[in-house]
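In this document, chain identifiers A, B, C and D correspond to the written order of the chains, with residue numbering beginning at 1 in each.
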Amino acid sequence: MIRAAIVGGTGYTGVELLRLLSRHPAVELVAITSRKEAGIPVATMFQNLRGHLDLAFSDPATAQLQTCDLVFFATPTGVAMRQVPELLASGVRVIDLAADFRLRDAALWTQWYGEPHACPELLGEAVYGLPEMNREQIRTARLVANPGCYPTAVQLGFLPLLEAGVVDAGQLIADAKSGVSGAGRKAETHSLFAEAADSFKAYGVPGHRHLPEIRQGLSMLRGSDVGLTFVPHLTPAIRGIHATLYARQTQVTDLQALYEERYRGEPFVDVMPVGSHPETRGVRGANTCRLAVHRPQGADMVVVLSVIDNLVKGAAGQAVQNMNIMFDLAETSGLEQVALLP
Amino acid sequence: MIRAAIVGGTGYTGVELLRLLSRHPAVELVAITSRKEAGIPVATMFQNLRGHLDLAFSDPATAQLQTCDLVFFATPTGVAMRQVPELLASGVRVIDLAADFRLRDAALWTQWYGEPHACPELLGEAVYGLPEMNREQIRTARLVANPGCYPTAVQLGFLPLLEAGVVDAGQLIADAKSGVSGAGRKAETHSLFAEAADSFKAYGVPGHRHLPEIRQGLSMLRGSDVGLTFVPHLTPAIRGIHATLYARQTQVTDLQALYEERYRGEPFVDVMPVGSHPETRGVRGANTCRLAVHRPQGADMVVVLSVIDNLVKGAAGQAVQNMNIMFDLAETSGLEQVALLP
Amino acid sequence: MIRAAIVGGTGYTGVELLRLLSRHPAVELVAITSRKEAGIPVATMFQNLRGHLDLAFSDPATAQLQTCDLVFFATPTGVAMRQVPELLASGVRVIDLAADFRLRDAALWTQWYGEPHACPELLGEAVYGLPEMNREQIRTARLVANPGCYPTAVQLGFLPLLEAGVVDAGQLIADAKSGVSGAGRKAETHSLFAEAADSFKAYGVPGHRHLPEIRQGLSMLRGSDVGLTFVPHLTPAIRGIHATLYARQTQVTDLQALYEERYRGEPFVDVMPVGSHPETRGVRGANTCRLAVHRPQGADMVVVLSVIDNLVKGAAGQAVQNMNIMFDLAETSGLEQVALLP
Amino acid sequence: MIRAAIVGGTGYTGVELLRLLSRHPAVELVAITSRKEAGIPVATMFQNLRGHLDLAFSDPATAQLQTCDLVFFATPTGVAMRQVPELLASGVRVIDLAADFRLRDAALWTQWYGEPHACPELLGEAVYGLPEMNREQIRTARLVANPGCYPTAVQLGFLPLLEAGVVDAGQLIADAKSGVSGAGRKAETHSLFAEAADSFKAYGVPGHRHLPEIRQGLSMLRGSDVGLTFVPHLTPAIRGIHATLYARQTQVTDLQALYEERYRGEPFVDVMPVGSHPETRGVRGANTCRLAVHRPQGADMVVVLSVIDNLVKGAAGQAVQNMNIMFDLAETSGLEQVALLP
């Protein structure tokens, strides 16, 4: 059994990790920390865990994380980078679900997150935890930077096109829509039901923190810099990301075959038949990224539709997938749930 | 392995049965019938089943249901009663998720469903499939009438009070709220998103078909007729029933202890601590009925809050629970999912 | 023109007052105060006001409220009672949309609101602003206590029954459901989209602050104390209250005629035909309370369905109605909007 | 007073026309037809009209439409083209809210709508009713083709760019999101609450009927053919369209000034300040198109955000605006409502 702990479990990625790990056959959950909620049973805060999990939140100071095999950070960005070095030194492996280790360039990180990075020396070692790109490196990683939700949907959508070099990588567009849980469980006016329900809006058009992460990943796939316009939107759904991706095709190729071949054997990427439209509810609660590729009206614009559950393949599920890879378990272990529809 | 089939699987109870049975360790799903959709893979209709279920809908005429161990009817009321006698005669056991066999009185059935019953002789044999009331009879039943969604939430909520005889059973009130999936997947104007979203209404106040079913069950619990006012409402949620139950207490008793003792050991009824308020999302996708008992302001009115997922404990999950009992499996087999929150 | 100001306009009752008053033919809106937002144009915070209202929030200290004919308080409870005496002394009339002046008994107020009342001497003078009960007193009032949202829906629903004395007033039940805007625009976890959407729950069952207000009103209508069980629920809609009311009929009477006669001529109470079910969306944005009266299955339990828009008839619209009465305008002035459906 | 009638008023554009026209100071609504609902008061079907409109649906055969000044067609596409010639011959002016007269090329119309056009000779005369493009022609038109919802949002968003010739018109992208009311009030499975709620998807990516309409309009603005990729999506909101538009800037210009100048004086187009994000709820129930222009990260990709209420500026409100122009009324007459927020 893997002895695992979660730091900062009161948000949505935290409760989702608990949902998945509490049923995982190879994991013993030894601690979940929250300074503010120490002593409170997690099932008091999240009714869905009643009967499934007996754990109470514990104070980070007393949680003895250094005795674990693996620690998940489900904290706001900026927390993990202060605690990870000590854990690694104790031989604990770490999966960070925040953005602390996603960018390889410390200066870029500082530009977007507004403070110096606390351990820039680890940025090179941290493995970007998108298994479909980096499976082999994840296997042996001490520190995995779990990708952001938008970056997961966008990168898996563009990946075959960029690897094959069949589109104009200088003019990529990612028009992405997220459910409101993507904003987290923090009490903020713009995430209130009466603000976000029955409405739709773009946000962060001038610049969103996931932009450099996506750009870094796409540039790696292509082998040189890409041009990307990224526009995130808020849709009145709880979970789900739908990325609609646009790229001008520059080389004749069978797009459907390209996608099917690239993702053949991938347990969590599902390429739909020609002409399909994936729905976010079709992956609600599941670790699947579902894709469809279109070239409307015979023009040269490729349109890729990519959906994930932002809390699963976009966060906690991908973290469990990374854990499975790191600890030589079946990659689908604990992740076989059928999505909840309707 | 239990060889099981589903008759009529294109509605929400059908897809939910598929979700549960496709992961059930002791079930081999051999057929799902739909005359209209024959030949279509179920995963084409329901994206969540992609990769989980390879079955296509088959024509009822060719489905060879008589070779199964168990047939689920997920059909509109009025279908099962025409096909069940022949299946029983072939030695097949049946769980009907519709209302064909829920009422024991054929005349009452006709009064509410507007046609003569096709096999009134089976009404006496059919076992009402609420395990918390009838577990022993279910074990050996050939034919189980799976309870309605409202009746499940209301009966489990009133059960301890009526068995103990501590309330005025002549003035019971059940104010129940259901998500829109309770209306089924039939295309009807009043179930459209633009009709049901961002609104709330009562319906069927003069008389709803679940009224006689609930009255029959509560009267059995009490041992004589009860007086019941039942008001169903539509709430803009996909899944979930919340029943708010009112009864005047006539005898001093520790209500919390009464509920905890009655349901101790029940795997799918969860009595919350004093002062709690269950949320429907806390049982989303799970087979749990979660209860809280209140006596506000020290008055003699008992208020019971009872929540279920109408498609799980209120339909498909309870059917699987009944199957587990009928076939001597662990009662929780295939039903251990943690509810999806948020 | 009435020179009017709003104190505390950054919440939902505030923006709703702005929507209504900005189009009111007899009102000049001279100030809207918010210490925190002073200087910010209201249309920056609320996009719907762009092009309709040029006002910016102003600091309460400089707003010169004493020069107004009328001041609305759209503040949290506890603010108005500290400022109203001085305004009244300056000859300004006041409509308080919070709970400061709704209870006539200062001790009861303290019991529910947890602090001493700042001007108990005004509790007797304040007129409870439910026009259908108190129209004549409102006409000349200096200080109007605008009713709460639940109290409006519940009292208008029970009023004809209690005035006529045809039900058992010792066992009244109000099962009420509110949209999430009822919780205000304050950033709180339980009001987040991802907490409140696609779910349903009761809250405050042991005791809700609207209980004493409703009980006071119903007791006045009846002429003596009533017994009331009040259970509020949260429904995933933005606006709307649906109160389902239960009372045992003790005297034969034509209920439909009773309601139609009592409310004949009332501009904002609409009694539906026999057998109807009002929807909250049918009053979305309108100042209407829509009622239907049932006596299901010929039993003696009366069921009244009462819907309002909590922000209009339950708050800002009723305040404008009160203003119209106080200033001898047509009672419907500025309140003729057709509800927005769908 | 304008004597106006509505043909086919049981859908959402019908009820929305009723909401607007019932309060319009210069319109006498003389008939609303529906063969199926003849005799039923419209307020029975749409509760929001209770107390505002006394009209019942009438049979088209007896409605005497030829005595009207103006007839609105709120029918499915394909109905108006069969009835309009006779009405025009009787001197009645017509506004068609369906697609019968939106395309100028009969062959193109047939290609997208699958049948021959019934009166191709009128396609040249019909005026495309987008006042911001064609105000002068609308003034004297006998027959106005009211634009589609997507086309309104997309064309108003691209208009200044194309008129000014500052972008690459060969690679335009319109990523559009619509609330579910855009699919109409017809009972169809994919529009059910339990199908569309809490989910998000693209649809019609290979080709949507609004594509040729938008392409025709944009090509007129530019003066030659444009290249356009149009991807519509369904968002779980009742009303609202949000179009996110992408175009590569080819010429230096002050985009904010370009938009502000082009729309200065337009009563129903609102250009927001630099850096803004319009919300669909900010125009809920209002006839406004609200725009924001971005050029993210200093790249050459222009991003325009354009929101409308699909039932108002995208249908009924724009029809009333066209009527106001045709009959020399103030263009804002009957359209001054403040949007409903929250």
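Just so it is clear, a residue touches a chain if its C-beta (ideal position, glycine included) is under 8 Å from a C-beta of that chain, and two chains touch if they have at least 3 such contacts.
All values reported here derive from a predicted model rather than from experimental measurement.
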Problem set entry | subunit C reached from subunit A - shortest hop count over touching chains | 1
Problem set entry | Chain separated most widely from subunit C, comparing mean CA positions | A
Exercise. B-D or A-D: which has the larger count of contacting C-beta pairs?
Worked result: A-D
Exercise. Could you state the distance in Å from the CA-based centre of subunit A to that of subunit B?
Worked result: 36
Exercise. When the C-alpha atoms of subunit A and subunit D are each averaged to a single point, how far apart are the two points in Å?
Worked result: 39
Exercise. Counting in whole Å, what is the centre-to-centre distance of subunit B and subunit D, each centre being its mean C-alpha position?
Worked result: 45
Exercise. By residue number and range, which residues of subunit B touch two or more other chains?
Worked result: 12, 179, 181, 185, 194-195, 197-198, 236-239, 278-279, 281, 284, 342
For this session: Under the touch definition given earlier, write down the residues of subunit A that touch subunit C in their complex.
Result: 12, 179-181, 183, 185, 187-189, 191-198, 236-238
For this session: Mind listing the subunit C positions that touch subunit B in their complex?
Result: 171, 173, 175, 177, 179, 194-195, 197-203, 205-207, 211, 227, 229-231, 233, 235-240, 242, 244, 246, 248, 275, 277-281, 284, 292, 294, 296-297, 299, 301, 303, 305, 307, 342
Seminar exercise, completed: In the complex, subunit B touches subunit A at residues 12, 15, 19, 22-23, 46-52, 181, 185, 197-198, 238-239, 270, 272, 278-279, 281-286, 288, 290, 311, 336-342
